[in-house]
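Order of writing sets the chain letters: A, B and C. Residues in each chain are counted from 1.
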Amino acid sequence: MKDQQSTLRETMKRQGLTRDAFAEHLGVSRRALDSWLLPATSGEFRRMPGVVAKLVGGMPAGTEPRAAGELRLRFTRKGKPHLLSVDQFDRDTVEELLQVAEAMEPIARRRKVTRVLEGAVLANLFFEPSTRTRVSFGAAFCRLGGSVCDTTGFTFSSMVKGESIADTSRVVSGYVDAIVVRHPDKGSVAEFARHTHLPVINGGDGTGEHPTQALLDLYTIRREFERLGKTIDGATVAMVGDLRHGRTVHSLIRLLSLFKRINFRLVAPRSLEMPPELVEAAKAAGHKVVQVATLAEGLRDVDVLYATRIQKERMSGEALEAYPADFRIDRRVLGSLCRPDTVVMHPLPRDGTPGANDLSTDLDADPRLAIFRQTDNGIPVRMAIFAVLLGVEHLVARDLRDAPWIAPARLGPGDAPFHRLA
Amino acid sequence: MKDQQSTLRETMKRQGLTRDAFAEHLGVSRRALDSWLLPATSGEFRRMPGVVAKLVGGMPAGTEPRAAGELRLRFTRKGKPHLLSVDQFDRDTVEELLQVAEAMEPIARRRKVTRVLEGAVLANLFFEPSTRTRVSFGAAFCRLGGSVCDTTGFTFSSMVKGESIADTSRVVSGYVDAIVVRHPDKGSVAEFARHTHLPVINGGDGTGEHPTQALLDLYTIRREFERLGKTIDGATVAMVGDLRHGRTVHSLIRLLSLFKRINFRLVAPRSLEMPPELVEAAKAAGHKVVQVATLAEGLRDVDVLYATRIQKERMSGEALEAYPADFRIDRRVLGSLCRPDTVVMHPLPRDGTPGANDLSTDLDADPRLAIFRQTDNGIPVRMAIFAVLLGVEHLVARDLRDAPWIAPARLGPGDAPFHRLA
Amino acid sequence: MKDQQSTLRETMKRQGLTRDAFAEHLGVSRRALDSWLLPATSGEFRRMPGVVAKLVGGMPAGTEPRAAGELRLRFTRKGKPHLLSVDQFDRDTVEELLQVAEAMEPIARRRKVTRVLEGAVLANLFFEPSTRTRVSFGAAFCRLGGSVCDTTGFTFSSMVKGESIADTSRVVSGYVDAIVVRHPDKGSVAEFARHTHLPVINGGDGTGEHPTQALLDLYTIRREFERLGKTIDGATVAMVGDLRHGRTVHSLIRLLSLFKRINFRLVAPRSLEMPPELVEAAKAAGHKVVQVATLAEGLRDVDVLYATRIQKERMSGEALEAYPADFRIDRRVLGSLCRPDTVVMHPLPRDGTPGANDLSTDLDADPRLAIFRQTDNGIPVRMAIFAVLLGVEHLVARDLRDAPWIAPARLGPGDAPFHRLA
């Protein structure tokens, strides 16, 4: 029979876990684990309790050896598999995550099916309505084989009765395997995450963060550039519109700052400029930042034009009036200022009402308009996040089969065929 | 190695696709496809791009040869798998669709399980509440093995922010594999469908259409008649109640008109008559149409009595008052006017409050009352629609296994045993 | 070829069904079944109809022989698989049900996956909001492999149009395989169940019952006592707070009364006492019941302290004011009155606002606080209820495989490791 020390060592190796991560995983202190690994002759040596032995014995033997620096452990904190902020990433980890997303493409495009998360349940907790984000997360989890429990109301009924975020978090953790939280208040998703060891993903917390949006934006730039033969290092990226309230651009400027020599063009009407601390951080990271107030000054020869909707629900009437009409981006603007290979992006929704001061629909047939490729990219990126946080990204490739149903080559009538195929 | 022309021809044959449908499926023009199929010696011959070759190579080889006139291609338009209106059907296609529904019965009755759509996701978009229709579509998709993302609110949050139906349609298409849309405005489901190549099913658009309800009504008549040894050709069908606003009866009269020599009895109070263009269309198709204003005139010796609820939410107070009390269909009416084999139907919900001017609950034990068999039939019919639009109807029979759980022989206490068994 | 009588007898034996249950299952009268089982020479002998023969022939042959007194048949009534009230149980059946829940633990703790209910659909009908209860039922059904259709609104849209509970029940029964109903009105879940043969589970009906909560409470006491080396027989159980309106404690006192020699301490402010008929019933069953009005009198040396939230939404302003501040249970109370092994429970949610007259958060790190173990236990208990009502509890053990994803050893930061492991 194998001795305790060998059993523990082999299990750690098989799971690719450090001693800290293994102790965390077992729910014991690092010190206790160390004592079980000492030679039996040592005075400090301890036998592991029966209950721990049972847990170790029950760990799946068939799983692959994981790399010691498993992605999940490298961008999360204190062994807790949370995605709360883009600040968790460095360039290596963000690029590895996007590679996992690439591997999800055949599933996201309905050519392949995986069931790797069969039996797992996601709680999709939306304390603020956002139908498309909710459906994107839900569909991504389903495409990995899991099931989804939604809460779609404005309120979580037990919180109405005075329940704390802490209690809600701990209770829901007993029901499911991963939790997406969207909340109107900045910081409340982090508060939710503090009270659980389950994977928690920030689905947007008020004026705070929306990290999965920034990751799918970066993924989109990467894929568009790949097609165009460009690299992110050295690119010129214009961000346009309400840069003050738009958490999307706040997260994106920080993610792009992980790359090299970006030329940022920040185009915003007075009073809606990018917060100074974000501008300073980008400069400090070695990037060039130009702040201007008109499209004419900002859009010439950019590689990426990232337009944002005016966040009407976050502005006062006065600020709304100050938003000048010439921030509308249409065919004329693109024709006179941009290049044939400029990538036009937008976090959506855009205001489609006639004359709206937003990205115009007269661009819908223009192949530079990447907004729907961008929103499509939410599926593989969110699949990758779930797979990595739940530690199954290495199992997906072995679990693929052909999708038996007929999927269209193009989704929208205006889509170029390369969209689904490239 | 096989040449390009053979590869393309064999794939088309295997998939049962015409050149037009195959080009659509690949996302290329018909002209491009033609040029790839020419002899290599022709001056017009072109090599297909690598990306297309990859797509063709990736088409599931294991699927069955399909009939050249595949059902999906025969009742949909321009290669787009949409079910928007009963006008899409002719007698052949509607009968074939109902045969597919018959094949779904062992699953709908919980004797068998299929997982053919495992990995597929349905967006169940209800811009207007209709719990039962939503659950019926959702359950049908689940019974094929798929997963469902619901939106149940009155509003789609991004549309509140000014997003167009076009954008919503295209964005949701990036997330899922099929879309059911219910919307309060006539024509808006067609508008939604215009912007996607994914399967879209009209779940009711205001005063417009509700094609799946009409199909399940027709399926019910077919099954009841089969049991009674009758045929739809030559049948006498009474439609009763508010025939002006009831989209259900509008769709049903058009579907039944695909058959031969129907005797329609349209029984409606003044001002709530069937729209004249529908009456004229039925007559033009060779059917007999009698319009009367009382039950006594309309119900004698009918094969089908199709009662409808007064659509209170679509009527003004004055019209409501004009609705005469003697449109209540109860045991007395049935006993004095109808035959022992008259099939009594209703689209439900019926008004169950005492004295309501609707189909009475005193009929609940009467075997002629087919209303619950009718609503049960929503599952196999909606399963058939999903299976056909996603091109998997031929795979279901090969994917069946026994349901391991215990299903009751009868669902309701008043159900005759033949209900679940016939 | 086998004769009709042998076929029927063998099928009954294989399914472990009595004649009554088998007749119910076939949807025929007991008398008809008897006539088919008579010797062919008897004058009363009848051939079974072809349609019945088909059904019998189609019964899964591979299923295990069931015990004649199958659990499902022993605590349900008239062959209808409903869980409406704790009164359905005796000590044997409740203990067997909790043993099934024990067998679900590896799945509830995400070590194992089962797909035994794959293809089955649950309708989770919440006519009153209760997010956590809804998610708990939904997640439990998903963990058995099934799919869930939720209705989360305050209203069921067709009921708004005047539909009766009877019609809603019968219609939904045509769509799904099991139904959970939560309703604000006492008795309405029983009314719903009257109109269907499908499994119906009472998810709480106003001031009526909430049997699954009581079952998970009992399961929690059993598991905590097992760890502590105690038995339920002879235990001292304090119930504290609003005992008049709390349906949870009403159900729990009845369930505990199935055991022996319980010492009940009912601690409630005047006007919020336990209803006298429940007190009398417990005494009549041989238990000791002490009713007091202060914590000091009630909590000394109890084995279980079951605290309840003040049901503000069910009280008038006057009664609210009369609720004395010294019903707050905190570290000081526990330290001065309780034992080191007292199990502290609460049905949750608790009021977490500062100074709330409820279970205090200053106890969160105290291992005696079992409230999150208690809510976690909702999953295995509800899984057991579904499995038993659908007759698949014996199939789960044969359908287990390892969960491939990483589940944390502890859910909350304050959880002791034994929580997930014991």
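The definition used in the following text is that a residue touches a chain if its C-beta (ideal position, glycine included) is under 8 Å from a C-beta of that chain, and two chains touch if they have at least 3 such contacts.
Computed from a predicted model, the values in this text were never measured in an experiment.
**Q** What's the rotation angle, in degrees and to the nearest 5, for a C-alpha fit of subunit B onto subunit C?
**A** 120
**Q** Shared numbers divided by all numbers used: is that above or below half for subunit A and subunit C, i.e. same or different?
**A** different
**Q** Please compute the C-alpha centroid of subunit A, do the same for subunit C, then give the distance between them in whole Å.
**A** 38
**Q** Which subunit B residues touch at least two other chains?
**A** 147, 150, 152
**Q** In their shared complex, at which residues does subunit A touch subunit B?
**A** For subunit A paired with subunit B, touching residues are 107, 110-111, 113-115, 129-132, 134-136, 138-139, 142-143, 145, 147-148, 150, 152, 309, 312-313, 348-353, 356, 361, 364, 372, 375-376, 378-379, 402-413, 415, 417-418, 420-422.
**Q** So in the complex, the part of subunit C that touches subunit B is made up of which residues?
**A** 24-28, 51-52, 54-55, 58, 60, 62-63, 72, 81, 116-121, 123, 147, 149-153, 156-159, 161-164, 166-177, 194-198, 390-392, 395
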